[in-house]
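Take a look at the structures listed below.
Shared between the two complexes below is subunit A, which has subunit B as its partner in the first and subunit C in the second.
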Partner chain A sequence: MIRKDRSVPWILVLLPVSAFILALFLGRYGIHILDTVRVLLGLDGPSDVFRALILRVRLPRVLAAACVGANLAVVGAAFQGLFRNPLVDSRILGVSSGAAFGAALALLFTSQGMIVQTSAFIFALVAIALVMLVGVRFGSSTLVLVIGGILVGALFNSLLGLIKYVADPLSTLPAITYWLLGSLNATQWSDLPPLLTITGVGLPFFALLRWRLNLLTVSDTEAMAMGIRVRLIRTVIVAVGTLLVAASVALAGTIGWIGLVIPHVARVWVGPDYGRLIPASAALGAATLILLDTLARTAMPSEIPLGVLTGLIGVPAFFILFLRFLRTRGEAQ
Partner chain B sequence: MNLITSQLAFAYSPEREILSSVTLSLGPGDVMFILGANGTGKTTLVECMSGLRLPLRGSVTIDGQNLYQLSVRTRAQNIGLVPQMHEPVFAFTVEQTVLMGRAPHLGLFGRPSRQDHHVVGEVIEAVGIQHLRHRAYTKISGGERQLALIARGLAQGAQCLFMDEPVAHLDPHHQHDVMSVVRQLADEGFSFVVTSHLPNHALLYGDWVAFLTDGRADVQGTPGTTITEQTLKVAYDMDFEIVEGSTGSRAVLPRLYRNPNPMTW
Partner chain C sequence: MTKLWIAVSLVFLCALTGLAQSETTVIDQSGRSVTIPLPVEILVSVHGIGTYYVYALGAGDRLAIAYYIGVKTLSSASESMLRWEPRLAEILSYGDPNIEEMVASGAQLVIADGSQHEAVAEQLRDLGIPVILYRAETPEELKEAVVLTAAFLGSGAQAQADAFIADYDRMVNAIATDLESLAENERARVLFVGTSLTKVISGEMYQTHLIEGAGGISVTRELFGSWNEVNLEQILLWDPEIIIIPPYGLIQPADILDNPDWQSLNAVQNHRVYRMPRIIAPMDTPVPESLLGIAWLARTFYPDYVSFDLAEEIVGFYANYYQFTLTDEELARMTGQ
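Here is the complex of A and B:
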């Protein structure tokens, strides 16, 4: 008998969609929820101001939050399996450090969003290219990739320190600091095409490949004995995962904890099978980051950096999950 | 299935060949034990014979076909591997674990179908762990895990399973549980290659035994004739005696040189 929980697929759709609508109607300017829905459906009624506010200001930001949240959570889930380590997230390969350096470097010379985003994206790819180079030279085992990631991450963190040191403390340094905290503030439609394109390709890739990710959680020898081309598939997953993370981080800055905590929450919900874990991580990641970003822009008179908020929520969430884990192991009362 | 290994050689570094020339053959329903001291290359031999490592020289054929020319999928549909015990990171159920064995029958983007679940149900029953089907693989005993991994190999469709020290860490009862399932599957025609440090298991459960020493497996044959005090001495550099039980079964004991009468000194 196949056990099936039919309630899961509906919640998977309902959760991000309701977060999406909620985020569009919550904000500094109160808009009735029905008006929000009317605008989304393209019906007449709400004034042009509301229409512009929702479609031009809030919609791109909420879309970005949804993509970034889903991407970080899905890549985090995939990497935890790939590295057979539940404490891994999308930052393990030094991609975020590369992106942070790229963004800071660009911010030295310009404050133009598109240039900063592009530079962050390019240096994220430089970081992964360096890791892959180490991997190709020394056999692409998970250990080699992790060591490569740590080294490359440390290298870019040092370079980032250098940039902060030379940056103008009155104008550039605060901009760099703010970027590093992570935020979706001032996200415009023009910022979105790279993120939407890469998400549109990368997430379906993971959705299609999701059952096979199970096979990567066992040792390389076992997976090979089950007919998996381990190195090839691992390289492809790292490559696609990196693109998703790079596009996300380039736009939103370094947002931690989503990629670590959401997959674990999803595991508690649907179990470790990647066939269900990937969709659940995507839905939970998207919904969570939409809600946190809404909180970031509405909770206080001035905006709270999103990366700070994910940390403030993520740390206790992780602690609770960890206690639960210890309890199931019988190592804590 | 006939699995013929001839003059297999393998080296991790050019200076030292860990396997220099190993020739073995295995027919349907055979259980072959590979004995040998630590570091003689039993695991390496298993990895070469199951197609996971390319040998330096020599060949392995499976029903006449060159194993190393088969696609990884076809190979996995014919040969399975039961690794030494390992602690899995995530709490997959026994069913999900066994289901992974269906991978060589699915496309890259495929997901298991009703038919695959059906096969999994059958192989779980074949090894007698249907009561554990929905239990977490992390929460079952070592012996039950080995049975689940055998089922996973069967789910691949493998006719030949390689087992690397399958009963290390298991108590005698669980050792017997695992080995009697192996024996029972062999009677149905499945072949097994089992590495072990237990000559007694070769005597109890094996059809064939081969001693791996100095990269060769020249001493091989039926356990009854091959496991002798001389061959054991050569393999393990230690003295053994073979004792006979009341039911005609034979067992290997290490020969201990103790003071025969400790009270007199």
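Here is the complex of A and C:
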């Protein structure tokens, strides 16, 4: 059932924008609300420290949280339809495992954020290239892609284990462990161009592809009967989804649950039509990750790893959705 | 009859003395009673920190295997380390402890880390190899660990352990005396970062004790656990006067001093960002060299107050405990001159 609530489009805009603005006003360093407004409006008055904190520390971080949250949620929603499996998220094709290996490998040699991100991004693409290779060889059916993703993910997880095994326990191992927990703590403006570019291209792409995504949720035969070039569209969706996930994971580390839970919450809100599900997932994903990241950086003197927070919120949320599903099924029966 | 009793008693005493020399029983830092056959001639260390206790007590030549000697692999060992321990290639073993390798080495005793080697210790005990577990995260526990180590290394080691504790206390007392006139609000407020700019120590870590021993105040003393990840806003709130970087990891003072986001910090404006030097062990960890860590920190915090000669302390420590003579370049690196 597709709901026709007219307020949805406004909320889709208001939700992430409100979270975004709120996040700029919150931080460990107490900055008066008026000073924050002056800084954001470019007015004179606030100290250089305030300006640096709001414009160079908070702003790029909140922007990154918005992009990463939206990307993971949209790709999760698209992949759940593509693979016709509600338990799928953006990690299904081993992309996150590839990125984790790439980041860990780079962290063995350097702590330079740009190099770590580049390595994570490259190995995320290597992972999907391997999955595609399996797909080309054995046919790009969803089953082949899923099996390929599991194999490639397992391979990179093993290699990641090897990297952790050889990492120095005093220096590189803690850095790798923290990266794997996910964080936006080190985000700078210089990190954002790749993420912003890929997000700017990828999200509209999924919005444009909405009706094809609707058709791909039925069987391949039915989709082909309706004029969809299933293999081509599936490959393109996987490729663009991979780019979005790779860019996100490269910057933020491994963040689970957003790609799994947010699409389901969005479905409850706007229904299964991808025309509404894609923007709703993007809005909810962005707002959720902005708020969780704000909590991560303000709740305690220490940062709380984002992956920990998304897990703590994601597990009960998923359980509630599951109970709701069981109740709905009971009513249907 | 009296003479007979005296003779019997003497024989009994001799037997007892003989028994006392053939084994010793100690309580390790996990609280377990361990009986160790003496003398211990072949040792295995699966505890990087514990390895240095053995070396500092003059028994490094008894190590058959060590699973971490400040480095994990030979390729990452510095020239100083290779000169200090020519047997490094022979005894440094890679990866996690391997039970069969340890048994094959003929180990009479294994020293291990109480926080992570309980399972390995259990297996070794089943095979009849005694295991000493260490847990040292304060200066008192470090001294206790050194005394514990001396208990199974023989009388020479006992004297060395006593000397170490005396040296440690002498250094801490000398610093305290030198800084007596400093009021609490004149104490250096110190941030000790880790292997990334935003990773910092907690109040429970040995580094906090070192800073306090050197007369400083760790701005992160309220944090708990191990290394904590914090954000720049929190660091700006603390606004430390001095920032210390550990002697491992890839962070250099320039990474902080040249970072535009850190410019408003007191420590950056006054160029008081330092990386601890290192020759053998990282001296911010609970190893005997941390005695020099306290001295180095105190000299760094209060160059105009401390009266001891840092170079003399460094040369003396390596000569007395590691039988190692520093080159002029190494000494200059350690003293920052």
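One rule holds in what follows: the second predicted complex is superposed on the first by the 312 of 333 C-alpha atoms of A that agree within 3 Å, B and C clash if a C-alpha of one lies under 4 Å from a C-alpha of the other, contacts with A are read in each partner's own complex, and residues count from 1 in each chain.
Keep this in mind: contacts are C-beta pairs under 8 Å (C-beta built on N, C-alpha and C of every residue); 3 or more make two chains touch, one makes a residue touch a chain.
Since this is a predicted model, take the numbers as computed values, not measurements.
By the touch criterion stated above, A:S158 is placed in contact with neither subunit B nor subunit C.
Contact with subunit B, but none with subunit C, is seen for A:M224 once the two complexes are overlaid on the shared chain.
Touch criterion met: A:G275 reaches subunit B, while subunit C stays clear of it.
By the touch criterion stated above, A:A175 is placed in contact with subunit C alone, subunit B being left untouched. In the superposition on chain A, contact of A:R84 is made with subunit B only, not with subunit C. Of the two partner chains placed by superposition, A:S18 touches none, neither subunit B nor subunit C. Of the two partner chains placed by the overlay, neither subunit B nor subunit C lies in contact with A:T197.
Within subunit A, no residue touches subunit B in one complex and subunit C in the other.
Taken in their complex, subunit A has these residues touching subunit B: 2-3, 81, 84-86, 208-212, 214-215, 217-219, 221-222, 224-229, 267, 271-273, 275.
Interface residues of subunit B, counted against subunit A in their complex, comprise 47, 50, 52, 72-73, 75-77, 79-81, 83, 86, 88-93, 96, 100-101, 103-104, 106, 108-112, 114, 117, 134, 152, 156. Across the complex, subunit C meets subunit A through its residues 48, 68, 71-73, 76, 95-96, 194-199, 220, 222-223, 227-234, 236-237, 246, 248-251, 260-261, 263-264, 282, 285. By the touch rule above, subunit A contacts subunit C in their complex via residues 27-29, 48-49, 52-53, 56-57, 110-111, 165-166, 168-172, 174-175, 178, 183, 185-186, 297, 301-303, 305.
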